[in-house]
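Worksheet for the structure shown next.
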Amino acid sequence: MGTILSAKGLNKNFGAVMAAADINVDVEEHSIVGLIGGNGAGKTTFINMVTGYLKPASGTIHYAGRDITPLIPREITQLGICRSFQIPQLFGTLTVRENLLVALGIVVLEAKKFASAATLRTENVDAIADETLARFRLTEYRDKLAGYLPEGVRKLLDIAMAMVVKPQVLLLDEPTSGVSADEKFVLMDMVMDALRADRVTILFVEHDMEIVSRYTHRVLAFYEGRIIADGEPDAVLHDDEVIKYVIGNIHASATARGSSHAPA
Amino acid sequence: MNRSDRTLVGLGVALPVFLVAGWFLPNWLQSLLVLALGKGLVVVGLVLLMRTGLVSFGQGLYYCLGAYAAVSVGRIFKLPDSILMSDAIVMPLFGGLVAGVVALVLGFLLANYRAIFFAMLSLAFSMILYGLLVKMSVLGSSDGFNLAYKTVVGITVPAQAQLYTLYAVSVVMVFIVAFALHRYLRSHFGRLAEAVRDNELRVEYMGTSVRYVVHVNYVIAAVLAGLGGGLVGLSIGHVDPDLAYWTTSGEFVFVAVLGGTGNVAAPILASLVFEWIKSAAYQYAPYTWQMVLGICLLLVIMFLPAGLWSVFKRGAGRA
Amino acid sequence: MTGLVSVLIDGVIYSSYLFIIAVGLTLIYGVMKILNMAHGSLYALGAYVTATLVGYWFAGGFNPYFSFLLLPLAAVAVGLVAGPVIERGLLRFMYGKDEIVLVLVTYAVLLILEDVIKLVWGVESYSAFQPYGLLGNFDVAGLPYTVYDAMLVVVAILVGVALTYVLTQTRQGKLLLAVIHDREVSAAMGINVGRVYLVTFTAGTMLAALGGALIAPKVSVVPAMGVEVIVLAFAVVVIGGLGSLPGAALGACIVGLVRSAAVHFLPEVELFSIYFVMALVLIFRPKGLFSAPEARKI
């Protein structure tokens, strides 16, 4: 297991707002990393830079040894890094099934460029779409327009589309936000099960500390563009600075008691 | 039989009906149909662009290029009378080709724009052509020139059969285009048009180029407009710079909205309805037909956002 | 040398009335996010009403110098009637819709107005030439110009100054600027956005009609004039930046001078040159020469 993703000295600011201040991270292959921090701490900016949507003011990002800093989202996706979005980015006037067909169609069209996708034969596309629908329990929504779905379903579809490409690294931006409390674990279980087989490296932004402590091997805590803590979930969630700037005291003590019990 | 096959069967049945029935129709109606079919092709291209999320207020550029192309090349380069300037199939095809080449070049620029800026830039380019043609005396300036055809794929056509021949050529071309476009829109690449319209960011993040999709569809729309222009030029027997004036492009947009973007046949049908109403209105109410158009456009926008086509498809859901 | 002076002065005159027309268009877009295709027809309406009024005035043998009052009168009349009718009677119901749909709506209004004009005034051309030569001529570098044209330039400058003052110094004007900046926040702050829209559209209409009124004594008033001017107004507004007042001024100057130069030196490229410049600007500065920065989306 080596380092698959490496960020060195990333800096980015928007006017007076420090979105990234000397970020240095090495992500191990096959690991699951949680990114926590308050709003505006720099988590989404980090994802935006890794996926090429934003260019850092300085610093580099390497993926499997290759410098991807100057690349654009399309090229980075082709190399094997995918992401889901805080606000699900779907094709609103198409049905759920059609959304997946578009995603699969792109993989077929760009088959030569996709480094990690299993090459799909055109005839398979319909079957794979249906199978993906089943895997994410979206079958009942297959003919509904994506623009009119409940939030949790939209999130699932968003993630399902990101996974169609069979990425090596998957960045999930707040996968459970907007999802009702009782569905959060269901969603995460589903996503993690689907990803486990392919041993995908996962980074996800999350505000729910129970989810963070349950699913991650490692947690990065962001504050004002810096990583203020980096380590195992238990350690990070009890770190003084993290408690001060991210979690807050009341929740911290709740997590201390509750992190070891299995969710309902 | 699913919806897709139904359209194909419908087209397959309608083609011979159109061809046979045309023989018995009065001349004025055959002429009108050629006009409507030719313009319908322009609108089909425009609808493809609208499906990609772009409204072009400048298809007149390619429509005019298509109508002018064959004869203009002959005049400018002083070519002898040849198949290029007198064949009912070669002329429109050449028009489509020229339009396609120009669109290929302009597309590099236009594919960077969206919404109002795309609309205005496309309008600007069509007005640039208008401005050029109005001052080109070799092409007749603002009077334009007359044109006619004598052959079909080299075979000379007797004068009495010329109208029907042009009609038949138009019908066949339109049906081939409808069939091809239907298949295209159901292909992996064709499906990207609506995806681009809905969410460009997602398309890029899925790993394919939005610019490329826009560029390709822009060229296809231009080729269709050029083809249509070629047919219309032959039908009317005359071309002039007004074909590139922005109000001509506006008419195409009107018909596109009328028909909606649901189906490949919709623009053709809408064009037929439009041309028929227009010719009747010119006769009976020359000072009010534009007003009627304007009111119809408003009504369609307010009550039928999916165009007239949605009336036919009510109950069948999205086409 | 005379050539250059001539180009400059003709350019400035042409720019002046372009500015008056374009500033209304850019204001409407800036506040309401509507690219008003019917703007040219309102300009034409202004010209026709002026021509009619001037015709009656001189036929009635009234004092010719007071005929100048008819021009702004026509503009205000057209604005006060057409503006609210179109805005309250139609546009108001379309506000939620996509920008391009609104363009189509105004295109429909254009089609309707074109025929209204034909129905009321017919297709013959009208003229209202009498006021044009009334104030006499003067010479610049040996070239004759009418005082009317000089007045046109002055009016354009006054319009620009007055609008700038109203927008930046008065309360109503600042409300308008707020709505231009962000409609939702303005509404949330309690600004009556609906009324702002009505005022803006009416003002824009008056300005278009004023442009037409001012041009009527110089040209032959024909049905095609609306459709011709709208593309010029677009070019000006796009070059200057949609929604920008100084942009409209700069755009008008550029288009006016380019056209003037073309007419003087190479008349064949007159039309071509204007749209070519517009295309050029769109290529290098897609949002126009004066444009606001945009916020991040994801």
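Chains: A, B and C, in written order; residue numbering restarts at 1 for each.
Just so it is clear, contacts are C-beta pairs under 8 Å (C-beta built on N, C-alpha and C of every residue); 3 or more make two chains touch, one makes a residue touch a chain.
A quick note: this is a predicted structure, and the numbers were derived from the prediction, not measured.
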{"item": "Per-chain Cα centre nearest the global Cα centre, belonging to chain", "value": "B"}
{"item": "Chain whose average C-alpha position is farthest from subunit C's own", "value": "A"}
{"item": "Subunit A-subunit B separation of Cα centroids, rounded to whole Å", "value": "45"}
{"item": "Rounded Å distance between subunit A and subunit C, as computed from the means of their C-alpha atoms", "value": "51"}
{"item": "Intercentroid distance (Cα basis), subunit C paired with subunit B, Å", "value": "33"}
{"item": "Sequence positions of subunit B contacting 2 or more other chains", "value": "201"}
{"item": "Set of subunit C residues in contact with two or more other chains", "value": "298"}
{"item": "Sequence positions of subunit A contacting 2 or more other chains", "value": "89"}
{"item": "Contacting residues of subunit B [partner subunit A, same complex]", "value": "188-189, 191-192, 194-195, 197-199, 201-209, 318"}
{"item": "Subunit A to subunit B touching residues, read off their complex", "value": "51, 72-74, 77-78, 82-83, 89-94, 98, 101-103, 105-110, 113-114, 122, 125, 145, 161-162, 164-165"}
{"item": "Sites on subunit B touched by subunit C in the complex", "value": "55, 109, 112-113, 115-117, 119-121, 123-125, 127-128, 130-132, 134-135, 201, 246-247, 250, 253-254, 257, 287-291, 293-295, 297-298, 301-302"}
{"item": "Residues of subunit C touching subunit B in the complex", "value": "35, 90, 93-94, 97, 99-101, 103-105, 107-112, 114-116, 118-119, 123, 227, 231, 234-235, 238, 242, 267-276, 278-279, 282-283, 286-287, 297-298"}
